[in-house]
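See the structures that follow.
Two complexes are shown next, each including subunit A; its partner changes from subunit B in the first to subunit C in the second.
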Partner chain A sequence: MLLSAVRFGRIPREIVFAVAKGMYGRSKRCFKLAAVRVMKELNHMYWLRKKRRKQMRILWITRINAASREHGFLYSRLISGLTRANMAVDRKSLCILAETEPASFKCVVDEAKRMMKRETLESARNLSRF
Partner chain B sequence: MFRSLGRFVRKTRRRDASRTWQSFRDAKVINPFSEYQWTSQPYPSYNMPRVARDVRPHRTLKAISHCDEKGWWHILDAQGRDVGKLAAFASRLLQGKHRCDYAPDRVKGDSVIIVNAIHVFFPGHTWVRHCLSSNFFLTLLLCLFQPHLCKDTKIYRFWRNRRTDPRGAKVLTATRLMMLNPSIIISQAVKGMLPNNLLRNNFLRRLYCYPGAIHPHWGMPQVIVPVEKRPEMIPDAFTFEAEVRQSE
Partner chain C sequence: MAFCRRLAPNLRVALQTWPSPSNLRLVELPSWTCTALGGVRGFIRHPVKATGHILGHKMEVIQGSRKRPSYMPPKIPKHPLQDVELNMNEVLTYSDMKLRWQWTTRFSTSRMTIARHWKPMRTEFPRNKPTCAFVWHEDMPHRTPQPELPDPEHFERIKKQELFCVFKSSVYHQHKVTVGDIVQAEKLHRRDAGEKVVFGTVLLVGSKDFTILGKPTVPYAKVKATVEQQTLTKEMLAFWYKPRRKQSHFYRRRQHVTMLRIDEIILTPDEDPADPPPPKPARLLDLWANRWLDPAEKEGIEMIEGEDGRLIPKVAQIYDGLEHQPGSYHRRGLTSCYRYWPDPAATHWRI
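What follows is the complex of A and B.
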């Protein structure tokens, strides 16, 4: 967003002062200072809306990591185990499961563990996958 | 002026080729399977902190978790542990990253008490042992042949009035800091590992570092516990099997 949008009247003064309501000092009262701060804030609001979706995913991943480590399993291994088991559970639902239904989360972790289990001695001699 | 160095030549011949020494000071043999090849101590062995002679025997339960009405308290023993690894673990506990309800904008972590901070371990060249000798030539020889022994590799900088004070930073080596206050080493390590935001001070408030073996918190269990002698097993005077055998 350009500052000229305010200067040339495309954004009226009432909206500028409405956005500048909680600011510090003269930036909420004087138009010249408020214009600069308001454009910055609107710019931030635009790309933070996009960044919010990334931040939520990061939070889910951290919580799932903590919950799976309680069961002795890492987040990376859990996700690769779920993809191998063809379970398309997304991180948001996994996080909600881990918080509210720990029993079902343990079942999910067990499924992933089964897929990530290392080959036993009998299948080690099987060269068909070579 | 130049005195002959013949006084410092080895008198007895070393016959065992497998006993290779790490330094001239102590006859430590190299163990190729040890975790660290080169370790250093902050002070010579006679100056390192020692346990009192008249104390009862104790043993460590290396880490304890205690649930209180105020939350979880983790009491860790730092003896023999690496500073960095201990600090990483402690910072994870303080932030609450081991919990399902982790929130980056709240202080939801647990409190951590670190005990025995004076016996913590810094791998590698970080500390240097003082090669203080009254003889100038001995130190000269040392500086010529093993220069890495004469450097304190780890430096701490403490700023007072970062820009305005012309004196600059207060620079301390790890050895000196260990002498002044040993728990600062661990708390600075944890401080560097916590996220650099306004919550860092609140996290650090929950961290307690003690150089000694006991902590003064009431109601919290101690990690270093006196060894209890088990009562001797006295054989029973009467056993059921002996009675059965007699009756048969």
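What follows is the complex of A and C.
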């Protein structure tokens, strides 16, 4: 793309200088230079905002993993146990639980542990729970 | 091994059985190796390239890297007697007529590989019945299914506790709150500041003494909140382009949000968790017109006396107040509480 600010979907001049405030060199003063820098800057911000959701989820998973390993349970087993237990608490809430409510988090882990126990033949044949 | 897989469809089966086919040589390792490996592993050497692969017991060996036939399958010569389309004018020598297998399958499938086996996904359906589990923290590592409710003697004790809960304020968003918290939720349709709203989808309730695990929700728990603000977030500049494309987009946007103050987390273990029936037709007249009527218009509605002596709109005689579309009352905030998936009591968005 041509990096020019004079086009459809262009950035207004005031905003260009507002964003370019504090940049290095002539980029903060000259519109022609500032426009290019600001376009790149805003473009990065735009895509990073999308990326932030993924990163946050990764962060939550990391923390849940560490917290559940304290109880001797893997993250993957925890999540599949919660799925089997039909629980819908998401990663964000689990992470907050692990940080602020250790007792309740342990209850959740215990529930997942219980669900991940190997099924005996009797319980596998027992259809009353459906 | 120069067969095409189409001609020998049971090749894989054949390879699973020991001893291996003629050009797969099972080389006996020295005895110490066999004992170290449990005595079941062999060292399979392929004459061409697969040397050095140690294959496990019953491991599936296939020819070529793919288990499925490729899109351009190798050319297989027909027998000259069956090959009707063979141009006899081009046949000059005897070798042109000969059935040649030399260059047919060599390049695509000459390599022996270990077949990848994908485990089938464990099915999640049918789901278990929706319940919840009440866990006292005293008997914490619970190893058995827990009841939905504690003993009735503890009901009063439960209600007095300071609670926290995880509830859903929209289909996507969960919040962990206690009483007095302010949370930012998605915009609630047609709610003004100061209004009281109730959220019925509570995924987990906890306190110092106990935890109620919703599977997926706790049916007897609700969250009462006050709408603090119906507002907009700060302005975000959105500008994006992709290199070498002649387009760019610039816009400023502010997101509609609702700020909620949590007033109360209520547990009603001794009551029926079912919601009250849908609102009466008098309330639904707006929906009948498919828009929200102003007070002047509402006064023009023709009213008659109903069976129990109260005034009801005349339309109620022919319209019993059923939803014309599942979830439409919920969206307009007419139901007694907001319920979202995966709440079993949610009226719409079921899976």
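The criterion applied here is as follows: the second predicted complex is superposed on the first by the 109 of 130 C-alpha atoms of A that agree within 3 Å, B and C clash if a C-alpha of one lies under 4 Å from a C-alpha of the other, contacts with A are read in each partner's own complex, and residues count from 1 in each chain.
What we mean here is this: a residue touches a chain if its C-beta (ideal position, glycine included) is under 8 Å from a C-beta of that chain, and two chains touch if they have at least 3 such contacts.
Quick caveat, the model's predicted, so the values are computed rather than measured.
**Student:** Output check: A:A112 vs subunit B and subunit C. Expected answer is one of first, second, both, neither. What do you get?
**Tutor:** Once the two structures are laid over each other on A, A:A112 reaches no partner at all.
**Student:** Taking the superposition on A as described, I'd like to know which of subunit B and subunit C A:L59 touches: first, second, both or neither.
**Tutor:** First partner only.
**Student:** Between subunit B (first) and subunit C (second), which does A:A67 come into contact with in this model arrangement: first, second, both, or neither?
**Tutor:** first
**Student:** Examine A:A98 and indicate which partner it touches, taking first as subunit B and second as subunit C; both and neither are also allowed.
**Tutor:** first
**Student:** On subunit A, which partner touches more residues: subunit B or subunit C?
**Tutor:** The partner with more contacted residues on subunit A is C.
**Student:** With the two structures laid over each other on chain A, which partner does A:V19 touch: subunit B (first), subunit C (second), both, or neither?
**Tutor:** Only subunit C is touched by A:V19; subunit B is not.
**Student:** Please indicate which partner A:I79 is in contact with in the superposed arrangement: first for subunit B, second for subunit C, both, or neither.
**Tutor:** neither
**Student:** Between subunit B and subunit C, whom does A:A35 touch in the aligned arrangement: first, second, both, or neither?
**Tutor:** neither
**Student:** Is there a shared patch on subunit A that both subunit B and subunit C touch, and which residues make it up?
**Tutor:** none
**Student:** Which subunit A residues qualify as touching subunit C in the complex?
**Tutor:** Of all residues in subunit A, those touching subunit C are 1-2, 7-11, 15, 19, 39, 42-43, 45-47, 49, 80, 83-90, 92-93, 96-97, 100-101, 103-104, 106-108, 110-111, 114, 129-130.
**Student:** Show me the residue ranges of subunit C that touch subunit A in the complex, using the header's touch definition.
**Tutor:** Contact set of subunit C toward subunit A: 122, 124, 126-131, 133, 135, 137, 140-145, 164, 166, 174-176, 203-204, 206, 208, 211, 213-217, 236-250, 342.
**Student:** Show me the residue ranges of subunit B that touch subunit A in the complex, using the header's touch definition.
**Tutor:** Residue list for subunit B touching subunit A: 97-104.
**Student:** Within the complex, which stretch of subunit A touches subunit B?
**Tutor:** Residues 59, 62-63, 65-67, 69-70, 98-99 of subunit A touch subunit B in their complex.
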